[in-house]
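In the two assemblies presented below, chain A is common to both, partnered first by chain B and then by chain C.
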Partner chain A sequence: MTTNNDSRPEQRPDDSRREPHRARDFFSVPAPVKRLFDRFPLITYPANELPHCALSTQRGNRLFVFTDAAGVRRGRPSFNPQCLKWQAYLKFVGIDFELISSNNHASPSGVLPFLLPSPPADISTPIPASKLQKWAIEEVHCEEEQQLNVRFEVYSSLLDTGIRNAWLYSLYLNHENFEAVARPLYVNPSTTNSAVRSALAAQLQQAARDELLKSSTYIDASALEAEAAEAFEALSTLLGDKVHFFDRPNPGLFDASVFAFTHLILDQNMGWKYNRLGQLLSQHENLVQHRERLLKFF
Partner chain B sequence: MSSPLSAEDGDIFERLQQPADPKVLEEQQQAVNERLHAIYQKAQTRLGELIDQNSTLPCAITSVQVLNASHTRRGFLENVFNPLLSSNQKRPYTLSEALREVSARADKLSRFDIFQQPISVYLDQLPESDGQTGLRNLNVYYSVKEKSRVLLKTGTDLGNTEGSAYGNLLWRNVFGGAENLNFNASMGTRTRSAYQAAFDTPVLSDPDFRLEVGGISSATQKSWASHEEVLRGGWSKLRWLSRSGHRHEFGYNGFWRQVTGLAENTSPTVRADAGDSVKSSVFHSWTTDRRDSPFLPSRGYYAKAFNELAGWGPLKGDVAFWKSEVETQSVLPIPIPGINGDSGISFTTGFRAGFLYPLGLGSDSRPRISRLNDRFQLGGPTDVRGFRLSGLGPHDGADAVGGDVYAAGSANLLFPLPRLGAEKPLRLQAFVNGGRLLPLRTSQKVAPTSSAEATEAMTSTISELGNGLPSIAAGVGLVYAHPAARFELNVSLPLVLRKGEEGRKGLQLGIGINFLYYPQQQPYGAQSSAQNLQFYPSTYSSVSGHTTPSQASYGGFGAPPNPAAQGYPVGGVGGGYGFGSPTAGVSGRMNEQGGLRTGWLAAFGTEGYDDEPPLLEELGVNFEHIRTKTLTVLNPFARIDQHLMDDSDLYGALLHIVLYGTFLLLSGKVFYGYIYGVAVFGTVALHLILSLMSPVSPLDPSSSVQPATAADPSINYDPHNKPDSSGHFSATLTFPRSASVLGYCFLPLVLTSLLGIMVPMDTMFGYLLTTAAVGWCTYSSSGMFCAVARMRGMRGLVAYPLALFYVVFGIMGIFSSRGSGTLAAKTGAT
Partner chain C sequence: MVLELHVWGPGFSLPSIDAQCLATIAYFSLAVPKDSWVLVASSDPTVSPTHELPALKNGSTWVSRFRNIVDYLRQYSNGAWDLDRDLSALEKADSIAFSSFVESRTQALLDLSLYVTSQNYYNSTSPAYGAILQWPNQWIIPPQLHDAAKSRTEPLGLSSLDLEEMEQQQKRDHSAAIAAGRIPQNFIRRPRETVSGLLGRTSQQNQFRLEALTAELFQPLEEALGDKTNFLSGQAARSSLDCLAVGYLSLALVPDLPHKWLRNSMQRKAPRLSQHIDRMRRELYGTVNVSDAFSSSGGSSLPWQAPDRARLVTVGTTLLNSLADATPILKDIRLNNRLRETAEASDSGLSPVESQSLAAYARGQSKDTLLSIATVIGGVAALLGYMVHVGVFSAQEEGEEEDHEQEHTRDYEDQEAEVQLPESVNVSDFLGVNTAAL
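Let's turn to the complex of A and B:
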């Protein structure tokens, strides 16, 4: 009896160890079959070539923006303020990148711009606009301007509401401007089909209208322009006679944000038919000069 | 002759009184059937002879009438029948010619798919023949019944690695000329949403020549290249069936495609093609199918050629290419010496190839590089087996980006399963298949700038196909050919792979008709359109270049030739020659239309038969039964019907258990685990005990228990168990029934626990109430068990274990509730 009792405790841990092992084996492929399966495929050739694609040949950082073929070649400013803001910012902080002409469908977040970092860095996970600054700070160790100046957020909101709404109105909802500026830039490159073009144009205008109706119950052009005039006034006062906003030695994110709008509003190449914003902006000489200074980066 | 009744004659009465032996009855019935059949055949032969003898009799068809076609246009019918009239013929008919023509017209009429099968034809001879020519004048009557004009269908489909729900509206004979209007809406896992409308009409009243116009709007998830394709567009096409059985389609496609909804890790190649593009193309397809069955052919061949020209010249659009594809399959039966007829062993070979040649768009002569949604994809369980969906060809990261040139082939050997034989639609197969999919290869990896360079690139790509072995997989598997679809379960191993290509080791299940070597049967032709609404025709694949299901629907290109209307006529009407189709009872094949839909996904569809019971009922959820049972439990004086539990639904029982747990939860304790545990183990144990107690089989004549029930034929009915009682277990008390009884009789305790939410139960009142409830449960359940298991005189014995079972729940109820806490305190519970 005693010998029996003695032998049991020894066996038990052994059993308990074997039991889960066996259970796992039951669900996994038996070893001989696995060895056999591992032998296949018998031959592995090198990978197939990829279809011809402009993207796969470039190896640097790639910034996807709204632009045209000439813009891609010469690295000219994008015609979209959001894209231009980040394009300018990355240039100001000294990050090399190549422009890729693209559209909103290509972006994981649904809007441009986004950046594909050069392959060794990360396995081509796109960086949306909202994370671009963080990425840039990690890349070149520039400073985060928001923390340096408490007024940054306040003035940013001037751009994001006052000027942007007026911009949306004058670009998309002003009929003449839409036909002369927005259509050739945003709609026509998508397709050559006129029916699809008019569908896209209608979608675009509706999106702008919805965006404006978010902040007010109706769209009043003169109110939007008045708001923009106030915003320019405030920005002009903020800049004063300094070279860059917040008196920084180098242009930064806020300069890029302002430049994105002032450049496009004052750009003769845009072909504005009705440019009330341009008239308002021209009254502030320091903002015009600020734009010209920064344009030299391109 | 008036002999007294002998003892033997007395026997006769006795024998007459005895119920007839079913076997004898069956034999008699069979004899009667055979006799009827012989008479019918004889009549047919005689009629045939009669007509043969008179076959050269000259006659004229003076009028044709179509009866009951109230919604069909006269002009449309005139187009069909005018050639039949003798006034439009150069010379008089002979009788046999006239009959042949009449039957051919009936066949044609039935192929429009607006009338129910069969179309009956009657001939009537006018009393006076034409005096001058001596011709016999015939009036022809076609008696038709129009199919219902509006057909609404909803259902679910599963297949092609996609599940979807759809709704379909078919409006037949819209303008009275066999025009069909078809709306289709579906939502699914891969085809996120698809809306489609198509209108098709026969051209010049010819059922084999149809014009179709349609439009589609859909959003499809393309997981193999991590994006979503939104599609809007329309097509128009002519379809015709030549006399020799070749099918042609010629048409125009205009589609606006949007590559959107890209995933986070989508490859740059797909990203570059994101956005809008318009394809404007003309196409032609030619198909011939000489196989004996599309799903499991044993002999014959199939061939298809498809050509599409997009963006060239005046077509415009954003893409320009010439796409060409061929597809062939041939099947050889392999005879086995010593076996007469088909051995069931067959050897199938298939080959597919295609290329996409870039063209210049409009006035621009620079060839356009192909886009992701125009390129070919290859691989998948229903394509090249042994590879994942789109597992062949160039891959950028995880995305299959497609190629411009492909070739794929396969060889299959199919054997019938031992013991099952060749008749069963089940085969073992061994297969080897492989293919290559290549992008356009250009020297220096730049896009070709002229058509000469494009040609050079194309030839170099095609020659690259032969460089090295193709990617190959081999395996064995089981094939099942359901009338509606083909199922394959294969074990496969990749033999040759390219890096990045996704082979599949092990099991692979394929469902569908899109199998590479079982090319898709076009829906028109073999079956009528209504049965085919859920075919996924390959038209959509011409939209995007690969086999994406589109749920496009077709009107019928023609129903099968009406077997009734061919050959010599049978039956007689009035004084003339009768020419009616044999009735359904005789041929036995007429009412096939009423069967299950035969679209290939119907195998998994929920559509079902016309007079199918509703889903809840099929699942056994019958609210009427639940109500009856509940009332029986609540009324202790009700007589318990012994068939009460025949359908043994568990839903009511489960509902009570869950309710009980919920009420206890509301009164403060979570007892679900205990309740389920006790319920499951208690039910199993009680079932074992009670079925041991119940009589073995009330049908068994050796059993002394209740011989009277043997007269009740309904005992034979047992929805769950065949009444073969082996061992000592009850014949009528099945486990689902036990569980059902126990669950239903739980009701009084459920009500008590409901009360326990508001009133503290750990008091004298609670004890009394719970005891009463337990008593009630026991009483009704023991009564039910006795009735269901046909037990007599042992109710007390049955009640005892039941009481124990319910007491456990009763105590749970007491503990769960607030109250004086006396009992809880004594047992140390808090």
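Let's turn to the complex of A and C:
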């Protein structure tokens, strides 16, 4: 015990002298680089004030989606299929909400849409898209449609794979469409700096390409379009001459998922330059009418 | 003309190790007369111009992927070899939807089970590929497939099935501890994780997630199958959906893996489906040994034809290609070229306008890549020029000489310190045992 205590003060200085040497050998920064970085931060700004805009005083549910100023004012459909799906679903089940134009960087989970419920609920917890249905069921006691029909999940996979992949290709990887549609909607509102714009655009296209290359070794445009054509055909057969999918009296989540794609594909205001999906979809009259019926909600 | 079906070779006592290939084999053995096709276990995607397997070769025409092959067979035989010809409109819609469902959902689970779950990959999948691949592909292809499977399943958030990932995380924690505490590296206790310990913990974390994923897949299928002998109602004959299902699900059911969560949950959640798939795969595939595929005259029920042995040229190009694919900037250029080649190829099935625009796009992309290379080179040159201009190099050289001298003296000190270490340092200090209590 005494030897331990004696040896300690002896060891300490030795140890502490040794450590910095070693650290310098392995981790030290070259002198010029260190001089450069010593000058940072050049200036430290005071912290931003918390935002206190008019919105925070309002009491409604707020849904954050991709949209523009005009879309917010008139409650127009969002131009992003994921956002539009949930926007339409909440409208169909009769929940009031207010649209807020936003982007991915504002979302706690990194993706839009998300919803901030009105203050009586827990104000601090935003609800991501994956939990929106559960929240809506608790709010207005609508039915959970997945439970009613086994085909719900099965036909949903058509939207999640076939149609979505074709959408990604035609929006992001088709050069003309990207310049005419995606760039004004997703890239230009973020910034006016052209260098940042081109970097953002390249990132978007790369993300879409990576997503498509996950399931195949190369991107085959004709195969993607053929899959989408098959998917539209299957959906059209499933709908038949009924008013809503699965013969429900009111439109529900599945109608919203289909509408999210069919509306954007058929919407003239999107300004498609090359719209093969639109041609394929127009062959199915009942899907076109289904979209027109649901558009009346907006 | 005999059709040649090129596939990944046999594994897990199934005729192929890949789900799409299995589905295509099932379709051929149901639809195509036995003397009109041969099965070649080439196990090398580069045999086909599309770099994909399964691939069907008919003379000089190549068709790849299950769906395209089924379409091609229908056209080639004028509808005679079409298993879906008698389906009603609603059944056809069901067939499309269920096919897409089985493909997307089962692929994710197979990726998790065969590739991402580390014990299964290292103990079963990787050796199985080793048995069917030739040198040097056996060192190149399995890691590629492994990485592809990992990136496909990343959004599911189940990376803790992957022991490698866990180990890297531990290493990061470990080095963070060193940096934070300035504790000598040798004295940080490194917890040795045993495989069973890891599994015990991760399986609790993953159990709920995996339960949900498997239930989403198996319950609709079990319900759709019901008491029938195939998936689509009112049909005695089997459709392309049955082929796809037996291809994908037999890979979930048959392989005898160290960590059997997928097989167990399939048998538990869908007993009828499991029996059905097992019956079908025995009927269509039998039990296949790896040697069957490489000897043309076998007792197997499938028309195997031995693949060509790799020639020196093929081996050389494989090595060069994989080297080029591993080089960062070259990789991007090659990827774009691949897109352009398929677009410009006359038999790619694109209309002239489409292929032109695709090719133009690919060319634009390679321009981008060249531009970024030029930018990087310019940037580095500017930095170097600036450093020379300021005189950084000369200043550093002087400094280095001094450093060297100092290092010599330091080295001696270090050696002395290390010699003294065992005598004077009490190890238990660092392991957190309270010496004062002694």
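Going forward, the second predicted complex is superposed on the first by the 243 of 298 C-alpha atoms of A that agree within 3 Å, B and C clash if a C-alpha of one lies under 4 Å from a C-alpha of the other, contacts with A are read in each partner's own complex, and residues count from 1 in each chain.
Definition applied: a contact is a pair of C-beta atoms (placed from the backbone, for glycine too) under 8 Å apart; a residue touches a chain by one contact, two chains touch by 3 or more.
Remember, it's a predicted structure, so these values are computed and weren't measured experimentally.
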Mind working out whether A:Ala180 is in touch with chain B, chain C, both or neither, as first, second, both or neither? neither
Chain B versus chain C as contact partner of A:Val111, first or second or both or neither: neither
Now for A:Leu295: first (chain B), second (chain C), both, or neither, which partner does it touch? neither
Which partner reaches more residues of chain A (counting touched residues only), chain B or chain C: C
Using the superposition on chain A described above, determine whether A:Pro126 touches chain B (first), chain C (second), both, or neither. first
Just chain B (first), just chain C (second), both, or neither: which does A:Thr192 touch? first
Would you sort A:Tyr155 into first (chain B), second (chain C), both or neither based on which partner it touches? second
Quick one: classify A:Thr44 as touching chain B (first), chain C (second), both or neither. first
Could you pull out which residues of chain A sit against chain B in one structure and against chain C in the other? none
Touching residues on chain A, where the partner in the complex is chain C: 1, 4, 7, 10-11, 14-15, 17-19, 21, 30-32, 150-151, 153-155, 157-158, 160-162, 173-176, 202, 214-223, 226-227, 230-231, 233-238, 274
Touching chain A in the complex: which residues of chain B? 256, 258-269, 271-278, 280, 316-318, 361-362, 369-370, 375, 393-397, 401-404, 437-442, 445-447, 468-469, 493-501, 503, 505-506
Which stretch or stretches of chain A touch chain B in the complex? 37, 40-57, 64, 102-103, 105-108, 116, 123-126, 190-193, 196, 199-200
Mind pulling up the chain C residues that touch chain A in the complex? 45, 50-52, 65, 67-68, 89-90, 92-94, 96-98, 100-101, 103-105, 107, 148, 151-152, 182, 184, 216, 219-220, 223-224, 338-339, 342-343, 348-350, 354, 357-358, 360-361, 364, 368, 387, 390, 392, 395-396, 399, 410, 413-414, 417, 420, 424-426, 435, 438
